[in-house]
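You will see chain A twice below: alongside chain B first, and alongside chain C after that.
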Partner chain A sequence: MSIKSTGSPGTPSRFLKYWHRHNSTLLGLGIFAFLLAIWEASISLGWVSKFVLTPPSGIIQALIKLSKNGELMDALATTLTILGAALGLALVIGISIGFLLYKNELWGKAFEPLLGAIFASPLPLMFPIFLVLFGRTFYAIICLATIYGSIPIIMNTREALLSVRRTLIWVGRSFRLTEVQIFWKIIVPAAAPLMFSGIRMGLIYALLGVVAFEFLTDLGGLGRLLSELNYKFKIPESFALTASTVMLSGFVLFLTGWIERRISNNR
Partner chain B sequence: MTQKKANAVLSVEQVSKSFYVEDEPPILALSETDLEVQKGEFVAVIGPSGCGKSTLFNIIGGLIPSDTGQIVVEGKKTNGPDKQIGMVFQEESTFAWRTVEENIAFPLELAGVPKQDRIKQAAHFADLVGLSGFEKRYPAELSCGMRQRVALARTLALEPQILLMDEPFAALDEQTRMLLGEKITEIREALDQTVLLITHNITEAVQLSDRVAIMSFRPGVIKRILDIDLPRPRGPETISSDKFGHYVGEIWADLREEAARGLRESERALADEH
Partner chain C sequence: MLTTPIRIRAFSLFAIWLIWEVNAQIAWLVPEVFTPTSQIFAGLAEISVSPVFYEHLFFTIFATGFGFLIAVISGTIIGIALGAFRIFGRAMNPYIAAFASSPKIIFLPVVMSFAGWGTETKVTMAVIGAIFPILLSAYAGMLTINPVHIRVARSFNIKWYDLVRKVYLPSLRHPLLVGFRLGFGAALVSVVLTEAKFGESGLGFLAMQYYGLYAIGKMFSVLVILFALAMIANFLLDRFATRVPH
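Up next, the complex of A and B:
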């Protein structure tokens, strides 16, 4: 790497390099900051009433208040616990069923459109069914989130395992590996990136399901807190809660995206 | 016609294979094919696209069963992939999730070779195929030709007696192909291997082989075997010699007919579809 840049070699080129590597992120942050500024300004300039739209500064204050009295942390803990349980179950169920549908071509083909239909159907349609089945309990939430999380995991697991090229499997055969060795040493690592993107989608769907169902059933967690704050017309707090939920999903996306890039690095 | 020679290390005996595709007449990819390879010999099988070369390769490697006939390795009929045979595939076959070193060490790892030893071995074979210094890279960071060399080194790592290669250089440019060809010849001498190379490149076949088996198009069968009587090593002087050119011409004369027939048949198949 001995290419010399034509400009001065000091700070400017380092800045440019940094910009080129992260330009999309930086641009995104810039747009975000710009929107926040407009938001803030529109209220402080009196264009919009602060009773309708809480400015970002007000949201931050409300957020601090909610964190201090422990309500936010309690709700977050509940939501994360439910999400964790649902994700764990979705992983076990999703990967096993995905594997079975990969092994059995007929069943795989038969189930694919069915799963796709469930996956594409609007989430709230499912709520009544789960309420009837489990009553207004946390089990209903866990179950719904598990099912919602499992579907992309099932579909991607099958798809990922099927997409492993025949030549790679034949390399294993030519080395006289057993079918079990071929599965673990070749098929699974080759399928890992696509499988993980299914897991990522499953996690996002499960989170969506948990918060929405919490909101509806009023049982606990971020969803319930939001519905309570809404009900009491605590507008800044509602905004603060929405913001923290967005941050939570943003964090989940970022983390899983990072893992995904690690897994499919160099492909 | 199978006159057995005492030291044939690999023989293909009366091998046939048909493929059945729905709503179409069966494709007779190989028809009662015979081929004998002597120990230490370098044999090329050449033929037009679709004549059944890869089918023959896969049957010899024990990856697909033949309809009739058998494969005999060192006097023993094979049943599935044989320990003596190492295969290098036509398609990309490196493992994207493993570094060059880990790719090459793969068969050693599964054979239970301790980590220190297999790293050392991998470095040795990486060096042999000219990939020293790239051990820690991932396949995606390499060129096509380098990846094909990784696959070759990985197969060599188990030191198979017989090396089977299916158009390993097909995706490469002419110069790289010729250099890799030289490399293969060196390696074969160093490891005392028998090589069966599948190719559709006439120059490559003449440059590398002791004998060239010419395949016909549908049914695939070995039509003629030509001895290449040229001194080794075959450097640029040999390749530019009249004798080399004569061999190339002779093979082309045989292949031309087959290739033309292949082209006609695929055109007819296209016309039938419309």
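Up next, the complex of A and C:
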């Protein structure tokens, strides 16, 4: 490839410089746009029935319709409220238990494999138990999402606190810091990046739990709305809401990834 | 007494069982949920002699197994391709991550619009559930392959399929097995949740049917079987992983 600037010979053009810096992002956008174009064309050319697959233009129209009548925003607000409650509880429970398991090494070693086994087990299958326990209420969703979200927080909090280098603590002691000061000024900042990784995973798992449970029980926000639209055979709206949920997950992932990088860089 | 992790684990599990059982016997806190373990075992014994149960079990195992198999093949191929062509891997990573982190059950209406209400939907949902952990494990594994191995293979003018067979796949055995274990669990969850929502067969449907009839002991029995299924699959894959040489 020999795209050169019109200025001094041998100097790469602005386009080339931009391409070298962002080539994977631009390529990703290009592939994504290409796939959308094929999807759109396959329906406009009649290769696939529009009753089976909604084209991207139809999804955008349905998304605008759902946004204008306020259904999408109401559902999003409900889901985020439930998620906020579940995450808040998961943070309190997860960090407290993680801290206790860090302080008591023997109990920490005993519970680590159990927590790992629970985390690897198909926890969402427990949802009928929560239905019996709380009925079809928001409490059932919050409780399941809290449990789902708190396990990675517990595991990562303990792991993060254990990973703090002993040298840092000895330096603190040589400056005659109290145990409380060592904890808040040395251990917590040093453990923050790994702890946040756990919080990030907890948030993602809590979101999975909330939306899935809403969908299964026809209760709450985005999941409930998706189920309702599906029952009414509103296929374009169903596609639009699925796309919105994927975008929400992607946004949460991106935002928490960005915060995680900031915390790691500010250490 | 509680001086070793194993003793603490055994004590904790025993304490949980004891609290559950005592609560169930005196019917103190939410007796509908904390059914006596004897009732759960009785439910297990009752449904295990019913031919209808085996039909439901077959539907769940078939949809999970078939979907998992498709996900193993396609996830491995895509993961290797994205790892071999790094620029494509980096380009597609954010999109794959967004899909992987979304609750897979939300794709059910989309899948139903082209696959209908039958087994095809369950199989497709199993594929959607399992493919992401497998694909991401294969991709992550590809990034850890020693580039020297690839350069040496290329210096012998090796064909691409031999590169995959003799360099990529042997190096990816362990990451792939981790992906398979996670993928199987995800496939089972997707299938059971699909059955619970719209199914007319399968263990998810059976659990919801018992929930509807308020036969909580039997509902627990189905959940116990589902967890046992996941554990058996995990154990078998684990055994397979330990036999694979490093």
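The rule is simple: the second predicted complex is superposed on the first by the 243 of 267 C-alpha atoms of A that agree within 3 Å, B and C clash if a C-alpha of one lies under 4 Å from a C-alpha of the other, contacts with A are read in each partner's own complex, and residues count from 1 in each chain.
Note that in this section contacts are C-beta pairs under 8 Å (C-beta built on N, C-alpha and C of every residue); 3 or more make two chains touch, one makes a residue touch a chain.
If you're wondering where the values come from, they're calculated on a predicted model, not measured in any experiment.
Asker: Please work out whether A:171 is in contact with chain B alone, chain C alone, both, or neither, and reply first, second, both or neither.
Answerer: first
Asker: Go through the superposed model and pick first if A:132 touches only chain B, second if only chain C, both, or neither.
Answerer: second
Asker: For A:189, using the defined touch cut-off, is the partner it touches chain B, chain C, both, or neither? Pick first, second, both or neither.
Answerer: first
Asker: One more residue to check, A:45. First (chain B), second (chain C), both or neither?
Answerer: Neither: A:45 stays clear of chain B and chain C.
Asker: Give the label of whichever partner, chain B or chain C, reaches more residues of chain A.
Answerer: Comparing chain B with chain C, the partner touching more chain A residues is C.
Asker: Pick one for A:180: touches chain B only (first), chain C only (second), both, or neither.
Answerer: Once the two structures are laid over each other on A, A:180 reaches no partner at all.
Asker: After overlaying the two complexes on chain A, where does the chain B footprint on chain A coincide with the chain C footprint?
Answerer: Residues common to the chain A contacts of chain C and of chain B do not exist here, since the sets are disjoint.
Asker: Where on chain A does chain C make contact in their complex?
Answerer: 23-25, 27-28, 31-32, 51-54, 106-107, 109-111, 113-114, 120-122, 124-129, 131-133, 204, 207-209, 211-212, 215-216, 222-223, 226-227, 229-230, 235, 238-239, 241-242, 245-250, 252-254
Asker: Quick check: in the complex, which residue numbers of chain A touch chain B?
Answerer: It is residues 165, 167-168, 170-171, 173-177, 181, 185-186, 189-190, 192, 265-267 of chain A that touch chain B.
Asker: For the complex, which residues does chain C have touching chain A?
Answerer: Residues 2-6, 8-9, 12, 30, 32-33, 87-88, 90-95, 97-99, 101-103, 105-110, 112-114, 181-182, 185, 188-189, 192-193, 196-197, 204, 207-208, 211, 216, 219-220, 223, 226-227, 230-231, 234.
Asker: So in the complex, which bits of chain B are touching chain A?
Answerer: 58, 61-63, 80-81, 83, 85-87, 89, 91-93, 95-98, 106-107, 110, 138-141, 151, 154-155, 158
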